[in-house]
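Notes to accompany the following structure.
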Amino acid sequence: MSIHVRYFASLRETMGRIEERLSPEGIVTVSDVWKVVHQGEAFPDHLLCAVNMAYAKPDSPVQDGDEVAFFPFVTGG
Amino acid sequence: MSIHVRYFASLRETMGRIEERLSPEGIVTVSDVWKVVHQGEAFPDHLLCAVNMAYAKPDSPVQDGDEVAFFPFVTGG
Amino acid sequence: MEIQLSETPFDPYALLRDFEREPDHLRAHFGAASLFIGTMRDFNEGEAVESLWLEHYPRMTEHELQRIAQEVQQSAPFKRGLIVHRVGHIVPGETIVLIGTWSCHRAEAITATSRMIEALKHRAPFWKKEQRGTKSHWVESNTSGSGINVASKPVKT
Amino acid sequence: MEIQLSETPFDPYALLRDFEREPDHLRAHFGAASLFIGTMRDFNEGEAVESLWLEHYPRMTEHELQRIAQEVQQSAPFKRGLIVHRVGHIVPGETIVLIGTWSCHRAEAITATSRMIEALKHRAPFWKKEQRGTKSHWVESNTSGSGINVASKPVKT
């Protein structure tokens, strides 16, 4: 299994990737996912996150098999 | 000249008339108009009045040539 | 403010499409449109209603609607506005009232349309007479709105 | 709640007319309809905008819109609801979002539609990229609404 990570909009562009799959070892929260892909940096205030397509917080739990998404503030409508 | 009095909706039906023209003598306010056509009765709370097609109060002034209308609460929309 | 009183049924969507085309493409300039459509229902208070007679006070109706539009404009400055109201004989499914406002941002349009329908219900000189079976009666008062504070007995100030 | 995401332009009025016909004549049963239509303007912040790219998070978008509808339903119990939102490439004059709610009385429909657009703007995972001349940039935040209190950073509770 793995943790499926997805990026959208400007973050997708700055990350240079659409998605990736992480090994679940050592990952307990959304914050941990962010740290793995950002060399230990804390999750920034200007982004939002979702777990399994529902809004989450940096300390929300993440399990093996989950889909975790990071994206900027939304601008629809 | 004269004062043009108009009635609408259920009031028109209970009055049995659509409009009438009053001699302006002795008429100073909307209340006075009502009293002339209702044998001295006071203007009732459950009706509205207008002078020259703008909402008025019972003590609003009425002049010769004015159009005064009486009607029940409105129910449009 | 464009105000239309119609003695015949109208299609609110055909009317809106035409209105937005004239004189230019309204929504391309003013990106937010808030619309309210009131339709004659086939039931009221649990009873079948066959038809409605809508009386009004010609010319005062138009004046009062323009006054309402000007007042609403003060607090919610919309760019373009439309009110269409039926008068005369109406059957279920027919549109009674259509209110539309257009503005650059949603706040003005949404606020304007909601204040406009509220004020119209309380102040515009329209009266409904319902036909249920063989009986007809004048509707005595409108249902209350969404908590917008409107004086129950409007007066000219 | 009916939710549609459209990759091609749609006519909001044709769509509304069809939606109201199915499965029965919606407005004859629920006399009040409150509609909001957001359209791509040809100008933003004083500059001509040529086109817009609208990205979204497939499936989360639909889930979040359904959650919004359910929450709004608690405080403003509307009878029927419709959200249509464009995705992909959009040019000025094209409709971006259409929200409609139908209810028996106006308070529920007006409240529901206004809360729905407000929540959609703050929570639904859509992102706009504007093309102005040869430059394109991501829109950073939505303009604020009409004073409805919405958390700036939504979280699952």
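In order of appearance the chains are A, B, C and D, and numbering begins at 1 in each one.
We adopt the following convention: contacts are C-beta pairs under 8 Å (C-beta built on N, C-alpha and C of every residue); 3 or more make two chains touch, one makes a residue touch a chain.
Please read these numbers as outputs of a predicted model, since none were measured by experiment.
Steps from subunit B to subunit D, taking the shortest chain of touch contacts, total 2. Once the centre of each chain is set as its mean CA position, subunit A and subunit B turn out to be 71 Å apart. Inter-chain spacing, taken between the CA centroids of subunit A and subunit C, is 48 Å.
Separation between the centroids of subunit A and subunit D, computed from CA atoms only, is 26 Å. Within subunit A, the positions touching two or more other chains are listed as 77.
Each of residues 38, 106, 117, 121 in subunit D touches at least two other chains. Touching pairs of chains, sorted by label, consist of A-D, B-C, C-D. Those residues of subunit B whose C-beta lies close enough to touch subunit C in the complex are 6, 8-10, 13, 45, 48, 50-51, 53-57, 60, 69, 71-77. Residues 38, 54-57, 59-60, 63-64, 67, 85, 96-97, 117, 120-129, 138-142, 153-156 of subunit C are the ones touching subunit B in the complex.
Residues of subunit C that touch subunit D in their complex: 11, 13-14, 16-17, 25, 27-43, 92-93, 95-96, 104-107, 109-111, 113-114, 117, 121, 143-147.
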